[in-house]
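Letters A, B, C and D name the chains as they come in the text, with residue numbers starting at 1 for each one.
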Amino acid sequence: WSEPLIFELSVKGRRGFLVPEPEKEVKEKVGSIKLSEDMARTTDPDLPELSEVDVMRHFTRLTEMAYGVDNGPVPLGSCTMKYNPRIAWEVASDHRILGLHPLQDEDTVQGLLEMIYEMQKWLANITGMDYCSLHPAAGAHGELAGILLIRKYHELKGQIDKKTEIIVPDSAHGTNPASAAMGGFKVVEIPSNSDGNVDLEALKSVVGESTAGLMITNPSTLGLFEENILEIARIIHSVDGLLYYDGANLNGIMGYARPGDMGFDIAHLNVHKTFGAPHGGGGPGAGPVCIKDRVVDAEKNIRLSDLLPGYYVIYDEKTGKYRLKGPGENSIGFLKAFFGNITPLIWGYTYILMMGNEGLRKVTELAVLNTNYFIKLMENVKGYEIPYGKGRFRKHEVVLSAQPMTEELGVTAEDVAKGLLDAGFYAPTIYFPLIVKEALMTEFTETETIENIEKYAERLKEISRIAYQDPKEPKKWPVNTSVGRIDLIKANHPSTVTPTWRLHLKRVKGEIK
Amino acid sequence: WSEPLIFELSVKGRRGFLVPEPEKEVKEKVGSIKLSEDMARTTDPDLPELSEVDVMRHFTRLTEMAYGVDNGPVPLGSCTMKYNPRIAWEVASDHRILGLHPLQDEDTVQGLLEMIYEMQKWLANITGMDYCSLHPAAGAHGELAGILLIRKYHELKGQIDKKTEIIVPDSAHGTNPASAAMGGFKVVEIPSNSDGNVDLEALKSVVGESTAGLMITNPSTLGLFEENILEIARIIHSVDGLLYYDGANLNGIMGYARPGDMGFDIAHLNVHKTFGAPHGGGGPGAGPVCIKDRVVDAEKNIRLSDLLPGYYVIYDEKTGKYRLKGPGENSIGFLKAFFGNITPLIWGYTYILMMGNEGLRKVTELAVLNTNYFIKLMENVKGYEIPYGKGRFRKHEVVLSAQPMTEELGVTAEDVAKGLLDAGFYAPTIYFPLIVKEALMTEFTETETIENIEKYAERLKEISRIAYQDPKEPKKWPVNTSVGRIDLIKANHPSTVTPTWRLHLKRVKGEIK
Amino acid sequence: MSTHPWIPNSSHETVKKMLETIGISSVEQLFKDIPPEARISQEKWMSLEIGKGRMLSELEAKRIIEEKLSKNKIFNPPPYMGGGVYPHYVPPLVKYILSRGEFLTAYTPYQAEISQGLMQAIFEYQSLMAELLQMEVVNASMYDWASAIAEALLMSVRVKKGRRKVVVPYNVNPFHFKVIETYLWPQGVRIERVRYDREKGSIDIEDLKSKVDSETAGVYLQYPNFFGVIENAKTVGEIVREKGALYITGVYPVSLGLLKAPGEVGADIAVGDGQPFGLGLNYGGPYLGIFAVRYDQNLIRQMPGRIIGLTTTQEGGQRAFAMILQAREQHIKREKATSNICTNEALAAIGVAVYLSLLGKTGLRKLAELNYYRAHYAASRFSEIGLNRVFSGEFFNEFAVSLNGFGKTYREVHKKLLDRGVHGGLYIGHLYPELGEASLWAFTELHFKTDIDKLVDLLKEILTGGG
Amino acid sequence: MSTHPWIPNSSHETVKKMLETIGISSVEQLFKDIPPEARISQEKWMSLEIGKGRMLSELEAKRIIEEKLSKNKIFNPPPYMGGGVYPHYVPPLVKYILSRGEFLTAYTPYQAEISQGLMQAIFEYQSLMAELLQMEVVNASMYDWASAIAEALLMSVRVKKGRRKVVVPYNVNPFHFKVIETYLWPQGVRIERVRYDREKGSIDIEDLKSKVDSETAGVYLQYPNFFGVIENAKTVGEIVREKGALYITGVYPVSLGLLKAPGEVGADIAVGDGQPFGLGLNYGGPYLGIFAVRYDQNLIRQMPGRIIGLTTTQEGGQRAFAMILQAREQHIKREKATSNICTNEALAAIGVAVYLSLLGKTGLRKLAELNYYRAHYAASRFSEIGLNRVFSGEFFNEFAVSLNGFGKTYREVHKKLLDRGVHGGLYIGHLYPELGEASLWAFTELHFKTDIDKLVDLLKEILTGGG
């Protein structure tokens, strides 16, 4: 099943949308359009010409060639692909939100501001932090905010010149080191020990004067709770470093532990993971950043909350109105032009409103129960192993390794993944975290049914059986998807790389090498 | 690809929806639920237990195993499967319509009443009739209304005892005779001549004292305009019969001819055909019934408009408000409990508003152009023929016959239809009208693109080629659909007929033979 | 002339190509067989009031429509009004599934192989409804409750050949009764009415007994009845069965979370409206006529409407769905069909299937309980301000009260409530003059305790205050 | 404890089964490795303010939210306000496609074979945008226009190794500039500002020439600029190119129906916001940062963000799509990545693809013309009541006016408009104190002539009236 490109469907003279003519009087008063020759566009962009019918059918068909949580399990580890409740879609796409201009008079958006105000509070309580800014547009954006907070903290304390390093465990998400680098820091990686915890000795050996902070996710990408987190916090704080919490894995501990209680100074959250907003095939997300309001400069009365980015909603007791508070002089400033990504935020608002303390705790419990039930089902399955933290319970996710199968048969994690696609499942995250070879990082969240978890495990076992019978078989997978395995070399080679149809056409015409 | 039944997905203890507990004070004040033993339900209905996630996935998958205009061409003849504009969906599903109770105070629904008022007027103008009632819920419902109008007309004129027959051409939709029978009339069928027109001599031979009226669609189900329509009207009116217009095929003449100008007294419309409301897999529809306001009883000042069913919206000049006018004593009364099917009506309102006179005429032009272009493409294709009205232009549809193929090879219209499914098209209406053997009744409407019409014709030719090469091949079709050909004998046999899962289970348990 | 987004081939280029292929020079030629007297000239056509004459863009149309929609008043909470359809919560998931083009823009599934998903969904509707009603055979829907009763009564006349009378109590929904009259009139079927007990509000059993006889083809009973009072449908059923008539029960399906199902009280045919199950109010439709019969070939053969059945493929025996028993329908049987119905309310039926799948086994009972509790709380609070129930019979979520004695018309009270942004109940004094200034009030899960308390406060103010 | 609809396994039965299989007796045991000091007790947790504490049903939540949403004021026509994002029409078809779960609930298409539809849609976004911008390489989106500029400037520093200065005029969007500052600060990149021509509103070319030098890695120009004035982006491009810096242009994409595209004025990088193309306003997001470069391997290698590419399958050469050039991204390159961005605005990009497919070749030009005409009509009507433009430079659909001389603050005027149900423009006096009581007004296809006439009448009344 394949669908032509939208450009290939174009037929001269077709229209998908009527644009009204300017009113007669308008046209008369204004006369002709006056633009300088330098700037007047002389050829229309070569957009396709289609009827509305064509557009509807084309994109309907494309959706039918895609797969989300609404289709079935998406057990991508660390992505927290939970059910995205439709009621939240209805709320978040209400025209009383869609139609609000970000610079509109505050008096006219009181309902929305109230919701944001509550959301700020709820997120602070969930994380045990003091304040949350809902400004960042994604998890990585929140991380960037966090890193900039660390930078600003040390700047304000006059010690940025020596505070040049951010420490990151080797099991960290790739965004952690990337964010640290964007924040102008050098990244120092520390290893995990066989328990899956940070190697404390290694940590101590790198912590020092130059340590600006440490970024860690807890539970880790191995799904393991960092047992020495309090000690780690002590060590980092002892050199005036800040402890940064990567909130990607919060779904594994809500209601049981809070970053604010573990000694973290800064945390970001992923509303599109933990709080049920959809991922949209890669965004939009929302990545609130939260802080403990520790003192930065007692003399000047600067606290960490003064550094937060973007707008913050406050309630004015006097007028009974909600107001936007812009960033002050010590703030890290703006990370995007206006307020945060309202649609996912309101989605998350609806989710938290409906879950409450009670529901969020249950979310975590079932997410963790699902993980450990799955682990039990995968015990002693030939070809797979679960490295690190032997015998420890996992939280939100678990990382299987297909390393035995790879070594014995040459069947890789990728092959296993394709074998899952053929059974109608999405695949887990593969080859991550980097410290696990042939990793299959699996997160069911609280959404997955026990039947699906069992079927999934069954399929993994079947893949193993097939592989051991005929190791060539898995190399043919997938066969049930709309296309077979993809030529990534051609996709990336400079002479064939094709990021747009325009480039393709130019290449065909020989206008580009 | 198959999907379990919703019952098979049930897992004890699951819930898809939280129902709040009654408030504590409410419960206290009311105490326990008091119902007589005779009437208190003691066992919950055996509905399945599923999470919201399960329900979302199940029905999402079911939609992916269905096919509508949004997926591609649906050339079902006489069904007028045109594009259903999404803007009309947005309007028709607005909460300011969804939330209105039909018995709500008229002052609180002025916007809706205004829209209905305009719609009444527009439909009257489109059809050339004087008044339209938007009460009936479907085309057949509108037909029933029309038939009852005929009955009431003759009753009021004191001639119902002799007016016992309704004349219907042999090419008519099945609803025509069925409606006439529901109206208590005897049905007299008259043949079509080779031009596709009604055989006038045959008509004259059956028209007489007992003729209550004649039901006809124009253009006919052969897609041919009834050339003698004025003469037919004269003949029917000469015996004080009423001429009824079946509006199913209005899409073939809008802006070129109006039933009101052809001598029709009563007409029904299908908003879900002509005016872009969707068919929803079999409804809801809307079937307004329109009349010429002819005199029924001059003395008592009764006119045909006094007979119309349901509510009619009038504008009260004095108060500047819109009001509902209920049926008077001479009305045929109500055909459903409240107003009409608002959602499709508002959908149609939006369609007409956006099209206007200009657009509706263009609709017809392109629908007819598409038909005749297709006919040209199908000229002299082995295995097919186009009976009746040789050389005449068709209007909204054309009926091909696969009779030559059937006679020569045993390949039937049904086989052809399944061959179309395999090519990703929906099939035409088959085996209708009854006067064409192995009929393939095809209507593209104005929606279909020229590319799709050409591909469709190409596929029909290919089917012919394949059939003449190997007549057994088409019997295997379809092969590209989610299931192969279906066992209709088992489906309908008394010992296996299974209209519900409950019956299936009872049969399995031996509780039913 | 420019191309319209909904008419792809209307571009100059494509029209030209098609005309050339056909071998004509203008589109008008395609209409030359229309007699001149029957034709409308372009000028005349363009002079008529149809929309705005010219084609509008979406944004122009949206603006016009927005101005109209803003004149509708939405109440929060919704009107305290039932009378056959009720304000209930509409889950976004139901709306979403129904918005998907694969269902929304499909036709009746004539081509089974490419429409299995649609047919399975309708089959599931039938099957879910079967469990709720405890009946074995359910059709794919009628237009609404009222027309379903009418069709049921007509069916009873077909089944009970020779019997030409049906019996319908006065306390069934009067809006339904009007439709019954319309449908039965051409067939010359006599409708006999049964009185209700002025004290309890339920059917007068003695009167019923006197009216059901060997001429009676069918008897219709609504429970809860129009006054909200729960009939003893079991007792009535016994009376009807004894006389050999078909027993037709009409139910407000939410109440079946608490009340015995039609199948449990001996009904031959069950009807009702699926509207409360996630379909919204829509000012009158689309709703969903429920129509079910118990498993009896004689009944099944006389059923109106479309039915989807479970079967298998011809080869391989894979499970499959198909339209069944079409030999009852108009497109096969024409004037001998059981009804002329074809387009029904399929999408609404699917919506109900989604709704019932969400609610499930326990949800429906809990919903019914909540409705019961809220209404009984309201009745209790009403009585505290002297607004007493007209009838003493046990009720579900709707009850009639009388203003007799307050010296005010219901209309006055109603207008004052409206002024305060609250929409009250349904005036029924004109439908039942014997009850005086009576009105009917319904309470659902959307009327919270705080709403009811506020309503009672307002009513008290209005009834006792001078203004 | 009862099962939650979003947590299927939370039923007692299932929990019990899972616990037994795992071999533990309570869920709590799964959390025993959390040090007691880091744990929160159930009591403490339950005491926090998070939602309403308990789990709410949809209908309870809906009621709470409805009350809040009703406090937002929707203007019809929408605010006469731009400033980087604009009220434009949002086609229902765009909303519908984005509502479909297959896209909405998908993740980044890591598994190519099962996500071809999603990747094709994003590839089409990239390709449509490429035609609009006349650039060959487009990424799958950044967060918004502002962050896209910041990333572009950072990229210029990576590409032009050793150059540590970027040049940004004062007349670019000040909301964007604040973001540029934030992103560039940690890298120690110097930002030099260029003055604007106080008469025309466009960039001061002489000042620009004096500031672009051999230290300059990148120069950013916005056209139309913040004041709505159309810059001569071609001339600026020549100056920038001469100094060997990267030329970054920011565009309001609707204007490209009339204005030369970035690729036509010599831009190396083009940025902008897709918001006007069917995404709505959403009080600040999600929007869509456009990011494109011309075809140059050096540029491509330094691009931030995800890119979908066209390729084939390994066998058979069937057309296929894949995420490409991932070696630039954080999940592969970690601290050496071109940016930390991963989640972007994919769904918004697909929305823009649907929008541009609908508008097509001619629709975009017509839309731009309509915006131009409406704004110029408004400017003309404004001047009739003495509200004159601050700048003389040619503009697209937005312009600044000054209240200097009227003896009123903009705030006063604004409040009075609000009282009459109209939302005026954007006050910019605090952003550009040198302009006094200046405000910026934008006009789009949603502001009809009748709206503008009404606005002018109101303004006249407010400006000349006493009250």
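The working rule: contacts are C-beta pairs under 8 Å (C-beta built on N, C-alpha and C of every residue); 3 or more make two chains touch, one makes a residue touch a chain.
Keep in mind that this is a model prediction, so the values were computed, not measured.
Q: Ignoring subunit B, split the rest of the assembly into groups that are still joined by touch.
A: Leaving out subunit B yields one piece.
Q: With contacts counted as defined, which of the two, B-C or B-D, has more C-beta pairs across the interface?
A: B-C
Q: Which whole number of Å gives the spacing of the CA centres of subunit B and subunit C?
A: 19
Q: Cα centroid separation between subunit B and subunit D, in whole Å?
A: One centre to the other, that is 46 Å.
Q: From the C-alpha centre of subunit A to that of subunit B, how far is it in Å?
A: A distance of 48 Å separates the two centres.
Q: For subunit D, give me the residues that contact two or more of the other chains.
A: 4-8, 14, 55-59, 62, 67, 70, 91-93, 95-96, 99-102, 358, 445, 448
Q: Can you list the subunit B residues in contact with two or more other chains?
A: 11, 14-17, 19-20, 50-54, 56, 60-61, 64, 69-71, 83, 85-87, 89, 447, 449-450
Q: Taking touching chains as linked, do they make an open path (line), a single closed cycle (ring), a hub with spokes (star), an all-linked set (complete), or other?
A: complete
Q: Report the residues of subunit A in contact with subunit B in the complex, numbered from low to high.
A: It is residues 11, 51-54, 56-57, 60-61, 64, 69-72, 83, 85-86, 447, 449-451 of subunit A that touch subunit B.
Q: Which bits of subunit C are touching subunit A when the two form their complex?
A: Contact set of subunit C toward subunit A: 2-8, 11-14, 55-60, 91-93, 95-96, 101-102.
Q: Any idea which subunit B residues touch subunit D in the complex?
A: Against subunit D, subunit B makes touches at 11-20, 50-54, 56, 60, 86-87, 89-90.
Q: Flag every residue of subunit D that touches subunit C in the complex, lowest number first.
A: By the definition above, subunit D touches subunit C via 5, 58-59, 62-63, 66-67, 70, 76, 89, 91-92, 96, 99-101, 358, 445-446, 448.
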